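After the structure tokens below, expect a handful of questions from me.
For reference, chains read A, B, C and D in written order, and residue numbers begin at 1 within each chain.
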Amino acid sequence: MVPVEWYLLLAAAVFCIGLFGILTRSNALLFLMSVELMLNAANINLVAFSAYWGNVTGQTFGLFTMALAAAEVAVGIGIILVLYRNFDDVDVTLAKGMRR
Amino acid sequence: MIIEGLIAATFAASMVVLLAPDRVAGRLAAALSLLPVVGSLYMWSRFDATGNALTGGDPAFETIVPWLELGGYTLNWHVGVDGIGLPLVVLTTILSTLAIVSAWASIDDRQSQFYGLMLFMEANLLGVFTALDFFVWFVFWEAVLLPMYFLIGVWGGPRRKYAAIKFFVYTNIASLAMFIGFIALLFGLGDSVSSLDMPAIAGALRAGELGSLYGISAGTLRAVAFVAMFLGFAVKVPVVPFHTWLPDAHVEAPSPVSVMLAGVLLKMGTYALLRFNFTMLPETATRFAVPIALVAVVSVVYGALLALAQQDLKRIVAYSSVSSMGYVILGLIAYTTYGVGGATFQMIAHGLISGLMFMSVGVMYNTTHTRMVGDMSGMADRMPVTAGIFVAGAFGYMGLPLMAGFAGEFFIFKGAFESTVHAAMPLFTAAAMFGIVIVAGYLLLAMQRTLFGSFRLETDYEVGPAPLHETVPLAVLLVTIIVLGVAPDLFFGMIQDAVDPLLDFGGELS
Amino acid sequence: MTTRPELNTTGSLLPGLAAVALFVVMAVAILRASFGDPQGFAADAGITASIGYAMFDLEMGSVPGESFLAALIVVAVALDAALDGSLLLAKREEDGSPVALLADGGRRVRDRLRDGEASSDTEGGADADADSGGDA
Amino acid sequence: MVGAFDYAPAIVLLPFLSFVLSLTAGKYLPKGGAFGGIAATAGSLILSAWVFLTVSAGNAYNETLYTWAAGVGEGTTTLTFGLLLDPLAAMMLLIVSLVALLVHVFSLGYMNDEGETGLPRYYAGLGLFTASMLGFVVADNLLMAFMFFELVGLCSYLLIGFWFREEGPPSAAKKAFLVTRFGDYFFLVGVVGVFATFGTAKFAGEAAFPVIAEEALAGGAEVTTFGFAPETWFTILGLLILGGVIGKSAQFPLHTWLPDAMEGPTPVSALIHAATMVAAGVYLVARMYGFYALSPTALGIVALVGGFTALFAATMGVVKRDIKQVLAYSTISQYGYMMLGLGAGGYVAATFHLLTHAFFKALLFLGAGAVIIAMHHDEDMWNMGGLKNRMPVTYYTFLSGSLALAGIVPFAGFWSKDEVLYEALIHGLAGSPLLLAGYAMGLVAVFFTGFYTFRMVFLTFHGEPRTETARNPHGVRWNVKGPLVVLGVLAATVGVVNMVPLHDLTGGFPPEYLHDWLAHGELSALTSEHYGELLHDYAGYTSADVASYVAGAVSLALALAGVLTAHVLYNVADPDEHTAKLGAVKTLWYNNYYQDEYQIWIAESFVLPLARLADKFDQGIVDGVVNGVSSVSLFAGNRIRRIQTGVVSNYAVLLTLGLTALLVVFGVLGGWFV
């Protein structure tokens, strides 16, 4: 079996790639994708430990996370739409104030 | 139960007045505020406390009801008055009523809110002077600030916002320092106290049960807590160099509020110093005798010098309050019956006299719309009664015998000169006493310029005698001051009774 | 200005260093840790079935796990709420009544913004108020 | 048995009632409350006379009547009020109530008849003034004495500033209160020191502080002396209390308030100078003479201050134009003599001079008041002249007072002043150069006194009238003449009570009544006999053998020389101002040795700028720090706020960095990287 360290390393890598995307891009859609990556990094961990402990709780949790990710995307897309409507762009750096 | 009744009635009165229409608010507030006056006088007549409430004495009208459990400490509703608390309660009620009456002439918008806040403040002040549980006391202590903030910030002069914020932030930061100091002591006591009851805490501290805390030795803890609490209360007193909020607050506050500020709120600081620092950590206090006496002397002389340089009558009285409160600190550190008792008496005397001064400045301001020494001249010609009372009040401030101020000051001087806490105390006393010359200097100068000489004031309105409802509070205060000056034993006996147990230090350092 | 998403590469890559640094730290921490051997599943275990039983709180799975019935319902509700929420966000209300989703590629908004920039000084306050109300 | 002593408190309370009555109901009373004051002071006078007679019979009274502040607990002092009626107090009571009565009567003429306004206030002030002084006289302890001493100061403020609508009087009143307050500061320190040292401040009785001090010096009592030797400490205490005396009795250097106090109404000046305020200082030293007699240093300083002031003030009186100014400086000078007498161990002599001076100075002021009425409130002597024929009663009574002031035999002033000088001489010759210096200055002052007194008399009453007003003076009524006559007779005759040179010359006739009167008494610690022993035992005073009539002849000769000089220069039909001949000295004297200037300089160029500097410091630095702290936090807040850009990416960077940093910290602390 693959030692759990490698799963973790993979998850960390995926997470950091997502993070990298968030830090270096200002496009809201890219943001959303990057967030998905980070979320899935967490999922990898859940599944990895599920196997590590021989318990399905982690995997079930992973399923839920995916469902919530779907919800998050729904909301995220909605937010992006509003952003676009207000700023005529999906550049997140434009939304600086609380009012606009 | 009478203390609870008094506080509750005052709170209720404040709510009633808040809801009353503006037109009747002033009269209603005055009428309702007579209730606490009657109550406090009744308490005085039935007063039977012995000893100091914090050192095993038996306070009058005591109630202890368990209230909350908090982190292993029991919080009690614990109130009661001893010989130190009662005079201050009487002072508070009388001065509040007079301040409310004196506000009739000067407050002409949002009256119901103004008088409601005044009564709200009075209720909290009564709480401060009667609470014997730290939690209860602290709630009241902080709650006093709120109405004061609004009273200055809403009804004040042109720079009211600056003054109100300065007052609030300054005193609140000070409260924080005090709170930290006290809590450190409380934790240092460990298991030896299980409640926030002040007598219990004072007893434990005086019995030397303070242990180390987080590796800080008991001695250091004591010193640090003492300094923190002293700083916290020193701002409230105020003591030089923490006094600068006071003149600003006084100048901006409307006169009735100044009366309460100088008359009662400053006494909270000295009262708390006496109750906390000087009662709970007497030996630490004597170790700091020289710096404290020095601060007192500097407050007296420096405050008086500053008053000499002012042009605004209210600023003059404000700075002289700094000066007078310096005497109180000197009396407290003396640790003699006359010193500490005199300091307590001086709190009452100064409350009445500074109240009288601010009130008469207010009466003149209502007529002339100026408080500047240079703008007025010959006021005695147009307002003979007010001027006469102002002169009497000023002489009271200068410590004229047979008025309350002299009694307080003389007791302090006598007590401080005899003090054995440090060999240099007679020298400090003599230095502080020089304040009586400077105080005479600036008050006489101000009187000469404003009251005497030919009448000269550029106004387009008639300047005439003040109405009766403005002079009556002045007269009542003046009579009270003289009565207390002729017969200081009215209060001084019970004060000494409450102060005497403090002079036996117990074994704080053992 | 874009009318459809493009890859914006103008952003600085510098903040990305933070992510790299985080990865390094995490990697070192992970590699330094010792986890021991994983237990793994039995070769014949019905993992998928077990997950299904766990979700509905049925004690019939062969692999141990906790019950997730409540969580399932909560997630179901959350998904529904998210769906409705996204619709709500995507719509915009004007004078209290929902307006159809924009299909003009944001042109109308863009025009209004331009107008606002150009004539906000001269235009009356009532209009501006109505606009901001619409935006919120 | 109900005796005079049971009614003694009424002596103080009667004028106080008059004060209350005038203040509250004066508007509705005839003459603005004057009759109430007259009745009250007359009552006080009668009771004082009764007390005087009772004391004469060898009784004394020393009782605590009221507890002001009771000490609770161990070792605390109880502060009380009480009465001490011994020969000295009885004599002073008589003086004060008599002068007060006459001043009240005179005021009818000076104030009421002149149509002054604010009379209730005036009579209220007079009543309180009299009451305070009487209270001070009968005080049985130092604290009570201090309290009434201060009240006397208050009354002087109120009365000197009576005409408050003008510029001068309020300023003079302020100065009077402030300068005496400066002295009182030392007095108060002294009072507090006495309490701290002895635990009591009683003047007489078993546990009186002079008695304890005597025992302490003899090694019989333990007192707190704050690390000093008892002798030194007692001297310090004595000098502190002397500060108050110097202020109130207008001794150098705190005399400057007194000439300015002439701004008040003339009857008030009479009261202040003759019997109340200024007398209070000297009376205080006499009252606690048993304490001063223990310290030769304190006595020497008292004598030196007195002698110097006597000469110093007399020279300034020489050039004044204003009749009241001349009298003011003569007052300072005469109180200097009293201090010299006390310092020189002449307790009886000083008391005697206090007695005679009270009468002749009240007379002179009231006489000057009569002249001022006549001159329509013009006080410049150079506008007068020739009033002798137009107001003979005033002239002859004034002359009687002037002769007494100048010290011409057989008027009262001669006997008393001469005895003061005699005491200074004999004790000085016996080995005290300090006293000899005092004597010398006092002797020179005699010449000046004779000169300026008669310069005043000649300029005012003799020669030709120099103005129209002086030709047709305003008439005065009985209420002015009556008091003048009473005092005129007293000024001429009161010296009889103690004619020491005559006594010595004739070998025992007439008896020295005052000496005998003060030498014995029920309270033996307060008798001049006891003081003599103290002076001898502790201060080391011995007497040289000089015949009293020789000393008297010398001073008489000098006084006559002064009078003669005045006669030559000014008793002509149309006198010149010879002051120009004095040259620079004239300027110096005219400007009062620039004493006012330096004190005003201290007040205005030192204290006020200091106060302003303190204010600047306070506003700039102390408050600046406070405001600075708030600015710093506002500034810092402003800067830190910039992190909150609102840009999501920046927050994300910060989050990431924070997380990384946290992980590193935990990792290092938790040993993950080892």
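Descriptive notes on the structure:
Note that a contact is a pair of C-beta atoms (placed from the backbone, for glycine too) under 8 Å apart; a residue touches a chain by one contact, two chains touch by 3 or more.
The structure displayed is predicted, hence computed values, not measured ones.
Between C-D and A-D, more contacting C-beta pairs join the chains of C-D.
Centre-to-centre separation between subunit A and subunit B, using Cα means, comes to 62 Å. Here the spacing of subunit C and subunit D, counted between their Cα centres, is 94 Å.
Chain geometry summary: the mean Cα position of subunit A and that of subunit D are 95 Å apart.
One simple way to say how far apart two chains are is to compare their mean CA positions; for subunit B and subunit D this gives 37 Å.
Residue numbers of subunit D whose C-beta contacts span two or more other chains: 649, 652-653, 656.
Across the assembly, subunit C contributes 11, 15, 18-19, 22, 26, 33 as residues in contact with two or more other chains. Chain contacts here follow an irregular pattern that is not a line, a ring, a star or a complete set.
Pairwise, the chains that make contact are A-C, A-D, B-D, C-D. The residues of subunit C lying in touch with subunit A in their complex are 1-2, 5-8, 11-16, 18-20, 22-23, 26-27, 30-31, 33, 35, 37-42, 47, 50-51, 54-55, 61, 63-66, 68, 71-72, 75, 78-79, 81-83, 85-90, 92, 102, 106, 109-110, 113, 135.
Contacts from subunit A toward subunit D in the complex involve residues 19, 22-23, 26, 31, 92-93, 95-98. Partner subunit A is touched in their complex by these residues of subunit D: 645-649, 652-653, 656. For subunit A in complex with subunit C, the residues that touch the partner chain are 1, 3-5, 8-9, 12-13, 15-17, 19-20, 23-27, 29-30, 51-57, 59-60, 63-64, 67-68, 70-72, 74-75, 77-79, 81-82, 84-86, 88-91, 100. Residues 67-73, 76-77, 143, 146-148, 150-151, 154, 157-158, 161, 164-167, 169-171, 173-174, 177-178, 181-182, 184-185, 188-189, 192-193, 195-196, 224, 226-227, 603, 607-608, 610-612, 614-615, 618, 622-623, 625-626, 630 of subunit D touch subunit B in their complex.
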